[in-house]
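Below, subunit A partners subunit B and then partners subunit C, in two separate complexes.
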Partner chain A sequence: MPTIKVNGKEYDAPAGKNVLQFCLDQGLYVPHYCYHPALTIAGNCRMCIVKGSGPGLRPGLMTSCTLPVQDKLEVETEAPDVQKAREGVLEFLLINHPLDCPVCDQAGECYLQDYSFKYGRDRSRFVEKKVTKHTKDVGRNIRIWGNRCIVCTRCVRFCEEVAGTGELNVVERGDHSIIDNFPGLPMDNLLSGNTADICPVGALLDKDFLYQARVWYMETADSVCPTCSVGCNLKVDTYQGQVKRLRPRENQAVNQWWLCDIGRYNHKFTSAPNRLGLAKTRGVATAATAAIAATAVSAPALEWERCSLDGALARTWETLDKFVRAEGAGAVAGLASAWLSNEELFLFRKFMKLGIGALDLGLVAHQDGEAHAFKSGFKIHADRNPNRRGAQELLGADAAKDGLKRVLDGIRAGRIKAVLAAGGIPGWEPDPALLAALRKLAFVAVLDVAEDAPLVSVAHVVLPGATWVEKDGTFTNAQGRVQRCQRALPPPGVAAPESDLLQQLLVLAGKREKVLSAQGVFAELAAEVPAFAGLSYRDLGGQGKCLGAAADPAVAAR
Partner chain B sequence: MPVQFSEKSRARFEWLLTRYPTRQAALLPTLRLAEEEFGSIGLEEMKYVAGLIGVSPAHVLGVVSFYTHYRRPEHGKYILQVCSTLPCALRGCERITDHLKKKLGIKVGETTKDKRFTLKKVECLAACDRAPMMQVNDQDHYDLTPEKVDRILDGLP
Partner chain C sequence: MDSHEAHDPHASVPPGAPAGDLARDLFFPEIVKGMANTIKHFFQPQKFTIEYPEKKKDIPRDFRGEHALKRDAQGRVKCVACFLCATACPSECIHIVAGPTPAAWTDREKYPVKFDIDMLRCIYCGMCEEACPCDAIELTSKFYQVSETREEKYFQKDKLLQQPEKREYPDEA
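Let's look at the complex of A and B:
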């Protein structure tokens, strides 16, 4: 392996690797704009300049992103002439820049700001008239402020190399160069939002986040995308109790650096006016007795009454228990949701099995969407649920696949009289046959997050749950990777994580002493469910771990 | 009518491909070919060429807009390209441009109302020894003075 010297210190470095990435890997920061590890090297911004010398190399200043590691290479990243060159590069990059940071969304996370602060001069010698460029939409989600663009071509290369769609390019030349799309062919690929993330300056901005918040006032939680079974890692940025933005979080085993637009923008439902913040019931007392007398009143015919959360939980447990006593445990069935966390699915099954003794468990899930694959290999799955895989492990593969059908058959046959169902699936269009069947029932208790959720329309009791940003938990993605979501916000009103609600039902059933944190439930789950054996929140860390990792080193390496 | 090469141009394009290491490398001469065939290069022509070469239309737009020498649909019958790079600048090209602006009543980058002339300032056209110079379509004119420019323009058909 070649030996190179960086700032006087020797390193073994892999031949051919670019010196910029090598320095970054060693924790030696070298400023850069156009270089991005996912993209081909362009070498156009000159910000990564270092002083280099070595065999066959004319010594001097050179761009480190285009400099391959070779034996006896010597590099200095902080020499006075390097500093001077950086200063010059920044001065050039800023000559036509409008310096409009006060109204720029990128402010606070802008590399022009940061590098100017760290490496720049405090004045410009440019007295000529600035060249001005277009501000326009270059795609459905993205707008360009051309005056801020430093023409690093990250966005161009992203569209070419990652999305494979090539909508953006540099047009014109010299100081008139600017990013544009071909007229009539906007950047509408399903990865377009990533261009705003990788644009190092405030040139490409996300219209969804435009003027929503100054970034330094936002709070951030690490989480996972729930919108499909890929389970892209992301950050949830919130401000004043609302999700403002989802941003990708690097995980090379899952999403590399990216999020798709379908997942990225699927957060509005968390703060929609239809969120359930209260518990409510309708006709529960009559329902129980009437049903047992075989004259059930279907829920939609009844008026809602407000109810405390504790009251709703108690009524849920008591009513289900009455059915069990009157009709046997087979009269009660459970429908879990592929949007519940692993912890919640585990608790759901536990309550149905231990609390009720129910025979039938099924799974409801968002209808399939279209699958997409991109040039870089990035995929969007047709399975638009975060945790179908977890449900297969925790409810049983059979229940997850055929349970729903058995529950429906049981309802139609009159054997099943009451159901506890979990929804919480935004944009769900359930099979009308499911709602028709549930509508017939004497008692339906529902865990959900929206007033107008399909399951709420057939419920007798509604227990308000939490969306994924409002709770701690884990999802298991399609590849079997268990990944953590961290709570970014409190749920609205009296709503609570389904994990808490299900534990309270277990307490009411006398099967649990107290409500544990999601972490506590996960420890319990890992101890009881073999597929999860050996996993804990601590070693899931920020990147997750695959099922079976503890038992199989080959899996652990994934 | 859909934009499409004649058989002759198509054959010429195939021949061009054999002259370059990659399809993409044949983009510039293919655009020239398109210019000859279609008269100028507009959006439809760019899309057509993009399809032929196998690059995105945005890529072709980038190339066409980078160069000053491709004829665009909005251009006049005569494109006057006045070189403005250093040797020509030292020999007074600014005077030539100013004269043309006044004579034609347009700014640099504009076309006269009668669609006869388009005025452009361009980079070095490789005739520095006879600066200042301009190109009228494909024809070079050297050692320009305002009077000479008048004669050239007046002599155009």
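Let's look at the complex of A and C:
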């Protein structure tokens, strides 16, 4: 392995790797704009300049991103002439830069701002009139402020190499160079939102987030995307109790650096006015054991009454219990959704089996979408559920596959009289046959997140649940990787994560003493469910772990 | 006497003073002297108080009273909703909601849809004025701040835009 010297210290470095990435890997920060590990090297910003010397190399300043590691290479990253050169590069970049920082959404996470502060000079020597460039929409979601662009071409290379759609290009020359669409080709690819993330300055901004919040006010939680079974890792940025944007979080095993637009913008439902913040019931208050079944009125014909959360939980348990006593455990069935976390699916099954003794469990899931694949290998799955794989493991493969059909048949045959359904699915259009069947039932209790959700329309008891940003837990993606999502916000009103609600039902059923955190439930789950054996909540960390040790190379190596 | 004793702060008599001077210990001559001074000033013609509120005092130029949001030459709010004042504010009492400007404002992109200051939390430190890159907010000389409800002290954009602007001083022109 070649030995190179960086700032006087010797390192063994892999031959051919670029010196910039090598330095970054060692924790030696070298400022840079145009280099991105996912993209081909352009070497156009000159920010990554270092002082280098070595065999066959003319000693002097050179860009470290284009400098391959070779034996006996010597590099200095903080030499006085390097610092002077950086200052010069920044001064050039600012010649035509508007310094819009007060109204620029990038301010606070802008590399031009940060580097100018750290490496730049505090005033400009240029008095010439600035060149002005266009501000326009380059795609459905993204707008360019040409004046702010430093022409690093990250966005161009992204569209070319990652999305494979190549909508953007540099037009004009010299200091008039500017990013524009190829004529008639708007940047509407499904990865377009990433260009705003990789743009080092405020030139490409997301219209969805525009002026929503100054970035330094936002709080961030690490999470995963619930919109399809890929389970991209992401960050949830919130401001004043609302999700303002989702950003990708690097995970080489799942989404590399990216996030698709379908998932990126699918967070509006978390703060929609139709969120359920209160529990409500209709027509269960005075129902007596046998009478329920005999005189049952279908839910839609009844008036809602407000109810405390505890009251609604108690009514749910009591009524289900009455059905079991009167009609046998087979009269109660459970429907869980593929949007529930692993812990919740586990608790759901536990409540249905231990608390009720129910025979039939079914899985409801969001209708499939379109699958997409991109040049870089990034994929969007047709399965628009975050946790179908988890449901297969935790409800049982059989229940996940045919359970729903069995429940439907049971209802139609009149055997099943009551149903507990858990897990709101945003934007779900259920099979009308399912709703029609549920509508006829004597008792339906629902854990959901939206006032106008399909299941709420057929329910007798509604328990307000939490969306994925409001709970801690884990999801299992299609490749079997168990990944954590962190709670970013409190749920609205008295709503609570389904895992709390289900544990309270278990407490009412006398099958549990107290409500545990997601971590506590996960420990229980890992001990009881063979597929999850050996996993611990803490070990999942930020990147997740695959089900079954053998499937995960990292675990297998241990 | 050792040095420790010499500096005993609790000693009733300062070190080195002659002991047993009763007149001094009773402060009597000092009281008489003080009263004489007071009475002398009482009969002097110059007054140091004013008959507020009939008469109002000249407010010094750097006085920090209630805020005003300034307008530009076309009468539009000058503020560009950069949140720098809100960021600088130590009592976190500035609440801004930003939005894109109306289509007719071709020279600007961002403006405050809402701009509220909770005057009951404000400590009149003037940091907001210092922070503003657009000279859009200032603390005026308005100090008469009585109100009957808390709501009245929650100033909103309209109210802030109607505040009298800071008095111009001759030397500022």
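The rule is simple: the second predicted complex is superposed on the first by the 538 of 558 C-alpha atoms of A that agree within 3 Å, B and C clash if a C-alpha of one lies under 4 Å from a C-alpha of the other, contacts with A are read in each partner's own complex, and residues count from 1 in each chain.
We adopt the following convention: a residue touches a chain if its C-beta (ideal position, glycine included) is under 8 Å from a C-beta of that chain, and two chains touch if they have at least 3 such contacts.
Nothing here was measured: the structure is a model prediction, and the numbers come from that model.
Novice: Is A:Pro102 contacted by the first partner subunit B, the second partner subunit C, both or neither?
Specialist: Once the two structures are laid over each other on A, A:Pro102 reaches subunit C alone.
Novice: According to the stated criteria, A:Gly166 is in contact with first (subunit B), second (subunit C), both, or neither; which is it?
Specialist: The answer is first: A:Gly166 touches subunit B but not subunit C.
Novice: Which partner chains sit in contact with A:Gln113 here, subunit B, subunit C, both or neither? Use first/second/both/neither.
Specialist: After superposition on chain A, A:Gln113 lies in contact with neither partner.
Novice: Determine, for the superposed model, which of the two partners subunit B and subunit C contacts more residues of subunit A.
Specialist: Subunit A has more residues touched by B than by the other partner.
Novice: If we overlay the two complexes on their shared chain A, which of subunit B and subunit C does A:Asp180 touch? Say first, second, both or neither.
Specialist: The answer is first: A:Asp180 touches subunit B but not subunit C.
Novice: For A:Arg214, is the partner it touches subunit B (first), subunit C (second), both, or none of the two (neither)?
Specialist: second
Novice: So subunit A touches subunit B in one structure and subunit C in the other; where do those two contact lists coincide?
Specialist: none
Novice: What residues of subunit A sit close enough to touch subunit C in their complex?
Specialist: Listed in rising order, the residues are 101-103, 210-212, 214, 216-217.
Novice: Considering only the defined contacts, which subunit B positions touch subunit A in the complex?
Specialist: 43, 46-47, 55-62, 65-66
Novice: Provide the residue numbers of subunit A that touch subunit B in the complex, in ascending order.
Specialist: Touch list, subunit A to subunit B: 160, 165-173, 180-185.
Novice: So in the complex, the part of subunit C that touches subunit A is made up of which residues?
Specialist: Its residues touching subunit A are 80-84, 87, 98-100, 108-110, 133-134.
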